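This report concerns only the one structure given below.
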Amino acid sequence: MSTTQIPWQERPANSTDVMWRYDANPIIDRYAIPSSNSIFNSAVVPFEDGFAGVFRCDNKAVQMNIFAGFSKDGINWDINHDPIEFGAGNTEMLESDYKYDPRVCFIEDRYWITWCNGYHGPTIGIGYTFDFKEFFQCENAFLPFNRNGVLLPQKIDGKYAMLSRPSDNGHTPFGDIYISYSPDMKYWGEHRCVMKVAPFTESAWQCTKIGAGPVPILTDEGWLLFYHGVINTCNGFRYSVGAAILDKDSPDNVLYRSQPYLLGPAAPYELVGDVPNVLFPCATLHSVEEDKVALYYGAADTVTSVAFGKLSEILDFVKNNSL
Amino acid sequence: MSTTQIPWQERPANSTDVMWRYDANPIIDRYAIPSSNSIFNSAVVPFEDGFAGVFRCDNKAVQMNIFAGFSKDGINWDINHDPIEFGAGNTEMLESDYKYDPRVCFIEDRYWITWCNGYHGPTIGIGYTFDFKEFFQCENAFLPFNRNGVLLPQKIDGKYAMLSRPSDNGHTPFGDIYISYSPDMKYWGEHRCVMKVAPFTESAWQCTKIGAGPVPILTDEGWLLFYHGVINTCNGFRYSVGAAILDKDSPDNVLYRSQPYLLGPAAPYELVGDVPNVLFPCATLHSVEEDKVALYYGAADTVTSVAFGKLSEILDFVKNNSL
Amino acid sequence: MSTTQIPWQERPANSTDVMWRYDANPIIDRYAIPSSNSIFNSAVVPFEDGFAGVFRCDNKAVQMNIFAGFSKDGINWDINHDPIEFGAGNTEMLESDYKYDPRVCFIEDRYWITWCNGYHGPTIGIGYTFDFKEFFQCENAFLPFNRNGVLLPQKIDGKYAMLSRPSDNGHTPFGDIYISYSPDMKYWGEHRCVMKVAPFTESAWQCTKIGAGPVPILTDEGWLLFYHGVINTCNGFRYSVGAAILDKDSPDNVLYRSQPYLLGPAAPYELVGDVPNVLFPCATLHSVEEDKVALYYGAADTVTSVAFGKLSEILDFVKNNSL
Amino acid sequence: MSTTQIPWQERPANSTDVMWRYDANPIIDRYAIPSSNSIFNSAVVPFEDGFAGVFRCDNKAVQMNIFAGFSKDGINWDINHDPIEFGAGNTEMLESDYKYDPRVCFIEDRYWITWCNGYHGPTIGIGYTFDFKEFFQCENAFLPFNRNGVLLPQKIDGKYAMLSRPSDNGHTPFGDIYISYSPDMKYWGEHRCVMKVAPFTESAWQCTKIGAGPVPILTDEGWLLFYHGVINTCNGFRYSVGAAILDKDSPDNVLYRSQPYLLGPAAPYELVGDVPNVLFPCATLHSVEEDKVALYYGAADTVTSVAFGKLSEILDFVKNNSL
Amino acid sequence: MSTTQIPWQERPANSTDVMWRYDANPIIDRYAIPSSNSIFNSAVVPFEDGFAGVFRCDNKAVQMNIFAGFSKDGINWDINHDPIEFGAGNTEMLESDYKYDPRVCFIEDRYWITWCNGYHGPTIGIGYTFDFKEFFQCENAFLPFNRNGVLLPQKIDGKYAMLSRPSDNGHTPFGDIYISYSPDMKYWGEHRCVMKVAPFTESAWQCTKIGAGPVPILTDEGWLLFYHGVINTCNGFRYSVGAAILDKDSPDNVLYRSQPYLLGPAAPYELVGDVPNVLFPCATLHSVEEDKVALYYGAADTVTSVAFGKLSEILDFVKNNSL
Amino acid sequence: MSTTQIPWQERPANSTDVMWRYDANPIIDRYAIPSSNSIFNSAVVPFEDGFAGVFRCDNKAVQMNIFAGFSKDGINWDINHDPIEFGAGNTEMLESDYKYDPRVCFIEDRYWITWCNGYHGPTIGIGYTFDFKEFFQCENAFLPFNRNGVLLPQKIDGKYAMLSRPSDNGHTPFGDIYISYSPDMKYWGEHRCVMKVAPFTESAWQCTKIGAGPVPILTDEGWLLFYHGVINTCNGFRYSVGAAILDKDSPDNVLYRSQPYLLGPAAPYELVGDVPNVLFPCATLHSVEEDKVALYYGAADTVTSVAFGKLSEILDFVKNNSL
């Protein structure tokens, strides 16, 4: 992997927050490529001497597709003007009505991409690339309806492990996080419920639905999982970010889970846009050694932003404020 | 397998219907065992010198569970007073909030049972037995939410094949039939859409949702699949029965599908009961050689009934009246 | 017109009801023609030396269409096995996704048929025949969505007049009766609201929606309009029949309107069927001279029945029990 | 009070049910008085040398009102043809858009009547009579929306006690039982939750809503409370009857509560009617000495029926099958 | 007509958009007249040596009405402080619960105004003026429920032609564009479906409902119709603007239709206001000779704004990006 | 009471509005205490030589609770970092799943606090304090579901009087204002409807639900009641502020009620936030002698703001613009 420096800003002087926003957010504008209506809910990874990413760019027909992009510094991105074309991986069935909300996860020898794939409704699409130039699509992991499929970056007991959130075909006013396993990235089973929405009276920001965010980060405490939580206000859904710590060997075992959110919609670009009050994390760049994480998130379903935090502080916060 | 004679009555003299009801329906009363509120949506198979079955008996607390039962003639049934207890099959995870709508399918050496299993909502439970005395539960096939999981009685390309209907956690006002494959009854993939609801203007009885019924029957024409279809009237869901013929080798390929229903709710025990206007097929006893099929179905979510037909006539009807 | 005797039975000895059911109801079975699933909500008129009718026969694919039929006595009907084929009347646009709930109205020289016509949703189709053999379709009267279009049998101020009920594309949980006028059966305007649903506390059987039933009958009191009213119970819609008296010259002026229903679902064939608790009137045969009316109605969206009453008593009842 | 013999039939020979139906049910027909569309959900008490009752008679305009009636044997009833007229009790505010589902409770010196009273929506109306000839109306107990207000026949700690079920203004897809206290039948407070709906997986017949039925019966075990429970099927609400035992001195303390129902809709007059599948208890006649209870209930929102049981057996059943 | 110069700004240097916003938007503030809460969704036309308009001004009771206004330059408007008073045109029926979303269309000798008129729900009101001082109201074109009635500025085959969108009585989660014809502005018929919502996967911004915007512009390519399209996000409806080209002689024949939107909510005054994310076009000022169009639109249901484009480029864009 | 000067700013020079905003709004930021996500819908009163208040501070788990705070000038507030702890008042039942939307009302000798209290859903909690240091909780006033309980600052006929709004357990798409009386702050009765939502066509800003705001102010005209009204737009609820004048002695008698709103969401902090377009008043500081009122309101469910007006002008406005 890359040893490039991840994006970073120190905590502002007047702040005591566990995580803080980049001061030049949003880093990617809604019109950053010619066809785009919005660029958000996207995934980045270290790649070669910089970074690569897979970006959700809805075009001006509001069709959803995913695009590759590259950056030297993780902040300034060159996103391809054409969406990713997939060749056949472990399937000839490349049908896809739409693709959105990608995640990218390096396992062993390649970059796996998972996304919300339109096959008679939303389900989890899987693909891979070695170089972000040539891409291969695999069998969908699950039957519809599903969203927020996120791979673990290591096999568990020799099997691939994927978090996901069973959904419906609409705006889905419910949703819990499950884990499933596969020996081969083709057949999936051993489905377990990992964590469910919180009671309204205990943690209302995550009482309507929750979904895995970035690829979990392996720490001494276990898997650090950033996730989004949703509350249904009288004026619509509001998406915030929390974090949980999953057992390293049995990731369906939740050790800790943040009762308060880490980040809630409060900046103008989070409060105003195509879908107001959405803060939706899909990726991190992080360095366990340097105790840093840069969290990439879509804001208001319109633009892409980044926030920062210290891994040790986040872990402490989750442990000390656990539901 | 058994060579016992399946239940049979000839078509009534005044009838030209493709399928006709047993004249002593219902064959199983709602109170047939002491604890039951209703016995319906149940599965029967030839077994030893008679028949065995797995029955949905909702008790008077309206808890749903499945019970084994036995019959010499397929009409008079002795149903155990206690529900099936499962030991561990390929899983230690035997959690089950409820069990309902079983199907039974003999493959190679054993009787596989699939049912709607309560694991954070409905999904497809799998179990097996060799003798209808000892039962073993396996991993759930899919993530919730799913219903109407029905196995094919032969492997396809060396893999188990299961039809199912992705659902939601309520009364599910939608629903199409999919097929999935597994090398080992544990991990499932290669999900394909088999058939969707029909347009209202072409076949309204199946315009709201459809679901596989009994285990498909292999015929020269392909797999004969009885299925239920639902129309949402202003006074609730109405369930009828139709049939489709699936390609023998590629069962996601629908060769024919009946535009008219084969059986719609019309008898008093189908029109009146806990849930009026439900005719829900879950099993057949059939003899390809004798050109006979006895279709077992739940009526009004209250009792169990049977209807008869000639396989050749049913196949002709489906081919000549295909959607 | 015909001078044939209309069907009639005297009021049962023990009854004081204003209207009473035919003792051999239903007069048309759901399976009266080979293709039918149900025959209901149909219209009859005097014709030649007997009667003719246009019948809603849903087939076993639950497709809705209208069929011509004939009877000597108004009770025993021969219904054609094939639906009506329409030629071009005042339009070449014969598109029709479905046809249901017909009414037949003789005006001047021909029998006009109106029905619920499927054109991107339900609207009012118009056709005519001189002989019930050859039929001609005209322009739809209105934009979708509309149902229960019923013509007045005389022109008002030289213009055709049609009652209708603006609707939606589903089961329509609302609905009032309007009148519109046309100089030529092609262009319609002068839309006026005639009567709206009643307050729940005053007449709950007609508090959810109402719709015109048979072609109104001209009496000395004005137009006698039988109409259906609907209450939304916790187990679905319940359809009853009431009557109103409209001003002869200004039929948007409601002179009287029955607070109690005249007929509510109470007979077994009204309480049980494809859609329980529906009593839906679409036609009358009547003789003002003999003071008799035979009201034809669909029962439980399954079969066709008839009820009787004396016109003078019905008029008195409506006047004495007016909302 | 009366020492008249309460209605009674012994358990049928072939039955092992805890409660059984009267073999001549329904005891009151829907058309028992001239104006009525249905007579159901009504209350009876011992009175003089026989019985008196307050009956819900919906008229043929489907207006809801309550009527007094009298019977020598508790089976054959003479119901007044005009609804109860109330004079002023502890209020001049006699506004009432409708009255339905009455209960009658003798306390100290008079018969208290509670009902669902229409005052800007449903709430609990209160009235009293000494003689079932003259009636007085009091202040509504609660703000809307509420239903199923049922008094305890003794004061608790010197205060009147009323069970009720907070509701909404429609068909109310939720509902739990609360208790409130009053020093004077005018001001109410000390509201406590008594019991809530049961989990679907434990007792589905009572998983949607529950409501108190007849006035509770004081036994050595505590207050025996019959109540209705509702499950929301895909074809509407289904109402069954269960029972609970409340602490004698602290009736918000539920000692036992039946997991199975005692009576579920199964007889034709319960399965078919204006609202199918409703079995709604509102009163008992009982003799603790003779160990008998006759339970009066509305069937299908259409007619009135009665069932019998032995108090000791019912208490045992509730204790042995407690949720 | 007027030969006054229409408002115009050249495309900003850095823009490649087909249409661009006026840099001093919004041109009319929400409080521009004393009574107003918001001024939006309004129509302007050339008039005398300047421009006249009909404006939707919701007052601070949030009552909806339409007001006349005048401008020399099309940017700065004097709007009357009192709403338009209508005299009788071809009707005495001037009932109007509310008036909103006006369009103005000059045909032959007068300015026709169409609007959403409250008559037992929304339908299409029609009026006319010669001088914007005296106004006359005609019969409503259609039965309720309807919105977005827009006249063509020339007769088709000697008949007036009106686009409209059948609706319901609420926020209408569906909606397609139809055309109807009238010989006399009083009776309407020959209703044809013009265009329907687009499939979600092809053009999601217009997948929930669509409605005609300004009066169509006759070009060499056919009628240029700007229209609004709506997507239902998890936080509400989002309104964008697209365009279609209709056949000159048969305007129900859609020749081209833009897959991408031309303008979507992105400016602050479009994203924030009484109803966020609404961009609703109701009028153009245009010069075919100069190849210019100024599009007037309501922003966030709060203020009025204008955007510009070159007709030839818009036509090319629609043709080259057709659905 | 305090004689401290209430906060005040004169009407801006260019304004003719009856009420106007403080120019440094919002006065309390969402993060004003360390744990808070938002601080809004809060109540203030004169206290000692300054002011005290009870504040709704949702924490970053979005748990709702109420906090005491103090201010010298009514603008700059010190809010305690820990929520109010209540001791036992007239009850030992201190159960409270959540507390929000407090009001504070001084009566005779103490400060009464009412709030939305979580007891099996929202109902009205009551407490009191003498010093804003020690707090005592009383019995809930009503059964659930209720919100916006507001006391009158004087007894009426020797009884406490409370306005409230019966609600449901969700976002409540309905709601009218009632009044109830109590001799002792424990038992409540004599419930009367005070005012209902306005018809859409007359005053749409208050057509969905209304609720009492601050404690009413006694004036020569009667009780001046500020209240919120809600309209359900296609993008959610919009909350504005109006006022009514209630009869001094019979406060269920509404003398006047503003047809226009006094304040509608228009400032950025009202239009953007956790719940956009909410302006929710909960308290006033006022001086009848000085003819001044400062209205405290929550903005966008995020921050706290204040607006000013002259009492005489507000009274005149309500009288001159009454519904």
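Chains: A, B, C, D, E and F, in written order; residue numbering restarts at 1 for each.
We take it that a contact is a pair of C-beta atoms (placed from the backbone, for glycine too) under 8 Å apart; a residue touches a chain by one contact, two chains touch by 3 or more.
Bear in mind the structure is a predicted one, so any value in this text is a computation, not a measurement.
K.L.:
On the document's contact criterion, could you list the chains that touch chain B and likewise touch chain F?
P.N.:
A chain counts here if it touches both chain B and chain F, which gives A, D.
K.L.:
Hey, what chains does chain D share as contacts with chain F?
P.N.:
Chains touching both chain D and chain F: none.
K.L.:
What is the chain whose Cα centroid lies farthest from the Cα centroid of chain C?
P.N.:
Computed centres place A farthest from chain C.
K.L.:
Roughly how big is the turn, in degrees to the nearest 5, that lines up chain E with chain F by CA atoms?
P.N.:
120
K.L.:
Centroid of chain C to centroid of chain E, CA atoms only: how many Å?
P.N.:
Those two chain centres are 40 Å apart.
K.L.:
Cα centroid separation between chain B and chain E, in whole Å?
P.N.:
The answer is 55 Å.
K.L.:
Return the residues of chain D touching two or more other chains; collapse runs of consecutive numbers into ranges.
P.N.:
235-236, 272, 276-277
K.L.:
Examine which chains touch each other and state the graph shape they make (line, ring, star, complete, other).
P.N.:
Graph shape here is other: it fits none of the named patterns.
K.L.:
With touch defined as at the start, can you tell me which chain E residues reach chain A in the complex?
P.N.:
Interface residues on chain E, with respect to chain A: 16, 201-205, 231, 233-236, 238, 259-261, 264-266, 268, 271-272, 276-277.
K.L.:
What part of chain D is in contact with chain F in the complex they form?
P.N.:
Counting only chain D, the residues touching chain F are 91, 93, 119-121, 123, 139-146, 164, 166, 168-169, 174, 176, 178, 180-184, 186-193, 196.
K.L.:
Where on chain A is chain E touching in the complex?
P.N.:
Its residues touching chain E are 30, 34, 37, 58-64, 97-98, 118, 171, 235-237, 272-278, 301.
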